[in-house]
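Take this structure first; my questions come after.
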Amino acid sequence: MSRGTGSPYLKTTYPSDAALLGTPVRRFWLAVFGLAALGFPLVGTPVLMDLLCRTAVAVVGAHALNLVTGYAGQVSLGHAGLMAAGAFTAGILTEELGAPFWLALPAAVLVGALFGVVVGIPSLRLRGLYLALSTLALHFVILYLASEYQSGRGFATGLLVPRPKVGPWTLAGATAWYYALGGVATLTTLFCLNLARTRPGRAWMAIRDRDVAAASMGVNVAAWKVLAFVVSSALTAFGGGLWAYYLGFVSVEAFSFFLTVEYIAMVVIGGLGSVLGAILGATFVTVLPYAVDAIVNLVPVPDRVHTHLFAVKFAAFGLLMAVFLILEPRGLVSVWSRVRTYFDLWPFRYHPLKG
Amino acid sequence: MTASLLEVSGLEVVYNHAVVAVQGVSLRVPEGRLVVLLGTNGAGKTTTLRAISGFLGSDNAEITQGTVLWDGQRVGGLQPYEVAGRGITLVPEREKIFETLTVEENLATAVPARRARGESRRESLDQVFRHFPVLFERRRQTAGYLSGGERQMLALGQALLCRPRLLLVDELSLGLAPLIAGNLLGILERLRAELGLTILLVEQNVAAALKIADYGYVMEHGRIVYEDTAPRLLGHADIQEFYLGVGREGRAKSYRDVKQYRRKRRWHG
Amino acid sequence: MAGTFRVLAWLAFMALLVISTPALAQEPYKVGITAAITGPAAVEYAARVETFRAYMSKVNSEGGINGHPIQLGYEDDRGEPARAATNAKKLVEQDKVVLLVNTSVSATYKPVMATVTEAKTPLLFGGGVCPQEVFPPANPLMFCTTSFAAQIDSDFAVRFMKEASKDKVRLGTATMDIPIARIGIDAAEAVGRKIGIEIVGRVTMPPGTADFTPFSSKLKDAGANWVFAWSPWSFEIGPYEALLNLGWQGNYMLYGHQQPIDAAYPRLNRENLYALVGASILAEGLPELKAMQEIAAKHGASRLDVEGGVAAVAVHEALKACGWPCSREKLQGAMSGLSITVKGVKGGPIQWSRDNHFRTEQWYKVYRWDSARQRAVTAKEWTKVDVAEKLKELREIIK
Amino acid sequence: MQLLANTLALASIYILLAVGYVVVYRASRVLNLAHGELMMLAGYAFFGLVSATPGHPLWAVPAALVVSFLAGVGVYATLVRPMAGHPLFSAVLVTVSLGILLRGLVLLGWTADILYPLAVSGYKNVPWPLPGGAVLTTIDLLSILMAVTVLLALWGFFARSRLGIQMRAAAENPLLAAQRGVNIHLVFSLSWGISTFVAGVAAILYASKVRLDPEIGVIGLRAFPVALVGGLDSLAGVAPAGLAIALLENLAIRYVSPLLSDVVPFLALLVMLFVRPWGLFGTKEEIERV
């Protein structure tokens, strides 16, 4: 699942490799985690609930990026652009046609898939950095279109997106959003796990590791590459749509290139090519700035230097990211795998030499 | 045997904190000798060479046990360029030259070992061109366009400019026509005689290597399983069977036989 | 292990310190502020927030309002809409502020509005551009104190040029490519055409612009003898300096952001730079501004930004009018009929009415630099514009 | 004529910045996304030194360049070297984090206010009329001169000097270079130092001509397409790419739409990607390796 982390967990049968939940122990802990998540609104403050909701949206986006970059090995810098495409599709349909969310969200997914085809095609010719830059160009094109729409239609500061409604029932309030977004994030995770452990996942990893070898083994490289972009972009646009509905507005400024960097940070910090990594990374990157804020706020300072604390927070965030990446360049999943390795091999440090 | 210039004892190398590549490897290379390290693919020969030359860090590998003594001092854990500065130079198996640089520039990259810093660069260069005249002819060419044999010569030339006391050569004849490989081994022997070099050679071409070597070690599965002087190794029945493909009755064994045999038999030095 | 314990002990000590800080003697007025304190827009906003905070400190040091201190909750939004949304949620839903202040870029307005609308909390735009929602017919929850009002500013500026110029005005315009600035420049051109000014060229500069020279040389070659700029500060002064470097001799008019224009006048020492303002600048040396500067300095603000001070005065007055206890509804009611005088800083009072939360009348002044006397002088004295009437007129002109 | 003069002035700044990307990329295969912020840092160093030594503004120039050089060496030693052998993405993200850190530090030290080092130094940026009716300022002329000097000096260094050749060797195959006795850490820190040194030159010129604030790092991102169009591993490509993009920008501003100038570098890049994906002068194999 993770590469280069030296996990001794080599699986010996296909069923065990394809199993979603390996052992009873894992099932037990997952159940505990699930119950804790379900009960969280009883104790969560509004800020924590909001943070978790945003994490759930980020998990969807991080999964999407991880599919194309982590599994298929195709670097995409157009992530913020694709999120914007989804968010604006939802926003415009709601604003112009009064479309309900159960029409607007699928439409966003469709638009995302179309853009996926558009970026997928250059990926047949370009690689690595240069492919990444062509996806970056897509980002600029989408944002240009969105800003033309925004200023052309007189929404100088963005569009308000109303709360989703089904019949008489409106999705409002922190708890409702928490369950809704948590459910969506869980379903997305299952979807990605299934993709990763079945044929598409294998094909993408083969292409990532060596596309020539993959082709010679009968993998249709072109089709699978484009498919990776289509699935990822559709999911990204879906994430963008969720973002728009949750935050209640859409505007060009919300989808700057820095958002792309944040998502890349999520999948890298989590651990490229790992579903668990995407979740951990999304949580880490979403929560870290607020954690830094909370810690810096603990330092008692006189009122007069209070505003300077924000520069400290800003710098501390950069410093923490850098330190983390230097200490754990292979991401949180690698930490996780090392811990498991340690307990698996205990009291030895590594497997004894065979033979 | 005289005092060893290089003495490796009880070496253990682990990749990724989990996979052991070599274990308990001990070997000695006395001054002025040519020692050959034999073994099949994956036996741990290259890992041993890389451990000596300080290359392991970049492969996420580390020496977990044992020592590498060079002229009585520990070198294990030094940076590669520091090892080179002490007079140990490696000619690696692949990527042995800078392909985008010209031949001349390739030679310019070599930094002489510390004890030789005062010597004239001109003279060393002339020496290299004398041994490898083809390099002089092609000095303005981009190295990427050289043939396999010329690449090997350029790599050896670069290594010589580092003014080593110990030359580690990994697979000198890999991918070369037998005639060219033979020539190169010949040149290597002449260099040793002329410059008084000490050489540790990893080689698949067992027969040719043992002809010029003084002493040999056999590695398998990350351990040294056998060692002896070169002539005795050449006459050893197992060596003949496994590496020279000659059966006990003087006929070549089929691959299948050898495979069966290997599974049953354990080596004992 | 010892290290870990030391860290833990230290943290525990810090926590104790925080907890044991003497509880405020009185229950406070809770005010929240989300602002661009860091990030790209901080150039504009950081000084504004600092001045605001310094004024609040001064109020607290003098015993607060009606015997209750003001408790200010800051959040930094870095000019990013998503962060502003989270900040607003925190301040409104968790900290339960009675008033939310937004001192940030216009991109953060929509998410903040979404939150206050749900929670029925009054929102004051104190430092940014006043949005449509505060002009008549105003959204009952939203108020604005700043002097910038894109269309009305532009209208006043071009009328001033026509009045001040003996020759025919050939106007070039420069704007940063953000929606609000485009709206301002559109208005300037429409009004200019209407009153008989020739519009010779317009440059829209992308936010990432590195070099202003190509833009300025286009304006110069178009033959402009007046140039008008309405943008964030860097994009007003940048084209001007580039024009100077090209040897251009015309007149330049910009919106005078108070703090930077104060620094720019003596540095550039040029006669042809006109600044349209809604609040006085320090260089004029008015005692009221000096007093404001002293307050800021005394309470730890390294620099003064008048808009921040004005917003602070407005919050002070609003809370005073609200009395104690002050609920969100009560405050909103109190603000809707408030009149705030900021003597010496503005030409007239800030007056909010039931359907106009920007101000019923807008006052302008124009400065230029006198290089002989080395000080800013008045090119046009405080002039009143009736907002509701002007908006109606502009709607006619622009369509 | 003015169009050409503007092109030269803009191109010279682009070139000075793009050189930094290329030198660092060649040495450590890292896209230094903090290049703009390192340039900004040099600008603040210059401002700080000018303010600290009133009356001797010229001393601040070499001093700021030394600080800038050391900053590059420091970044390599503390942030980039530990990332060797790890996923490239992580290293790139480290530079992003560094950019954030630097902006935070500058905010702490100098606030977000706009600063004008030239005004503090007491010098003036004077316009000079050129033949043909064009005008360039002292700083513009200096920028052009510096761009040419830097390119020639670097070309000479990499083609002729042994250290330069060793740097190229280390860039191609660091392990082999190390085996040949090249102190690769020295060589790589030198590359970073050279990169930030040249960025320092750009910073001093830019801050003197336009302004200094914590956001001027964004022009680093504008020079990025220049490096790519020229070929990320090719110094020779920087000059034509810088000139071409600056010319396209100027043409777009004058004859098409000023707004387009923002997109022009990326359009040029896109065209380049489809025609010659490895850049004007880049090595073809480069693409495989990233």
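Just so it is clear, A, B, C and D label the chains in written order, and each chain counts residues from 1 on its own.
The definition used in the following text is that contacts are C-beta pairs under 8 Å (C-beta built on N, C-alpha and C of every residue); 3 or more make two chains touch, one makes a residue touch a chain.
Everything numeric here is computed off the predicted structure, so don't read it as measured data.
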Both-way neighbours, i.e. chains that touch subunit D and touch subunit C: A
Most distant chain from subunit A by Cα centroid: B
Separation of mean Cα positions, subunit D and subunit A [Å, integer]: 32
Distance between the centres, which are taken as Cα means, of subunit C and subunit A, whole angstrom: 37
Chain centre separation (subunit A, subunit B; CA means) in Å: 48
Interchain centroid distance [CA atoms averaged], subunit B/subunit C, Å: 73
Residue numbers of subunit B (touch at least two other chains): 60
Junction residues of subunit C - those touching two or more other chains: 38, 46
In subunit D, residues with contacts to at least two other chains: 103-104, 107
Complex interface listing, subunit C residues touching subunit D: 38, 40, 42-43, 46-47, 177, 203-215, 217-218, 221, 233-234, 237-238, 241, 244-247, 259-260, 263, 267, 302-303
Residue ranges of subunit D touching subunit B (in the complex, touch as defined): 84-85, 162, 165-166, 168-169, 172-173, 175-185, 283
Parts of subunit D lying in touch with subunit A, wherever the complex brings them together: 31, 79, 82-83, 86-87, 89-91, 93-94, 96-105, 107-108, 228, 232, 263, 266-267, 269-270, 273-274, 277-278, 287-290
In the complex, subunit C residues that touch subunit A: 11, 14-15, 17-18, 21, 37-38, 46, 49-50, 53-54, 57, 74, 76, 78-82, 85-86, 89-90, 93-94, 105-107, 109-111, 113-115, 118, 131-132, 179-180, 182-183, 299-301
Partner subunit C, residues of subunit D touching it in the complex: 2-3, 6, 9-10, 13, 103-104, 107, 111-114, 116, 119, 125, 127, 129, 135, 137, 140, 206, 209-211, 213-215, 218-219, 221-222, 249-250, 253-254, 257-259, 261-262
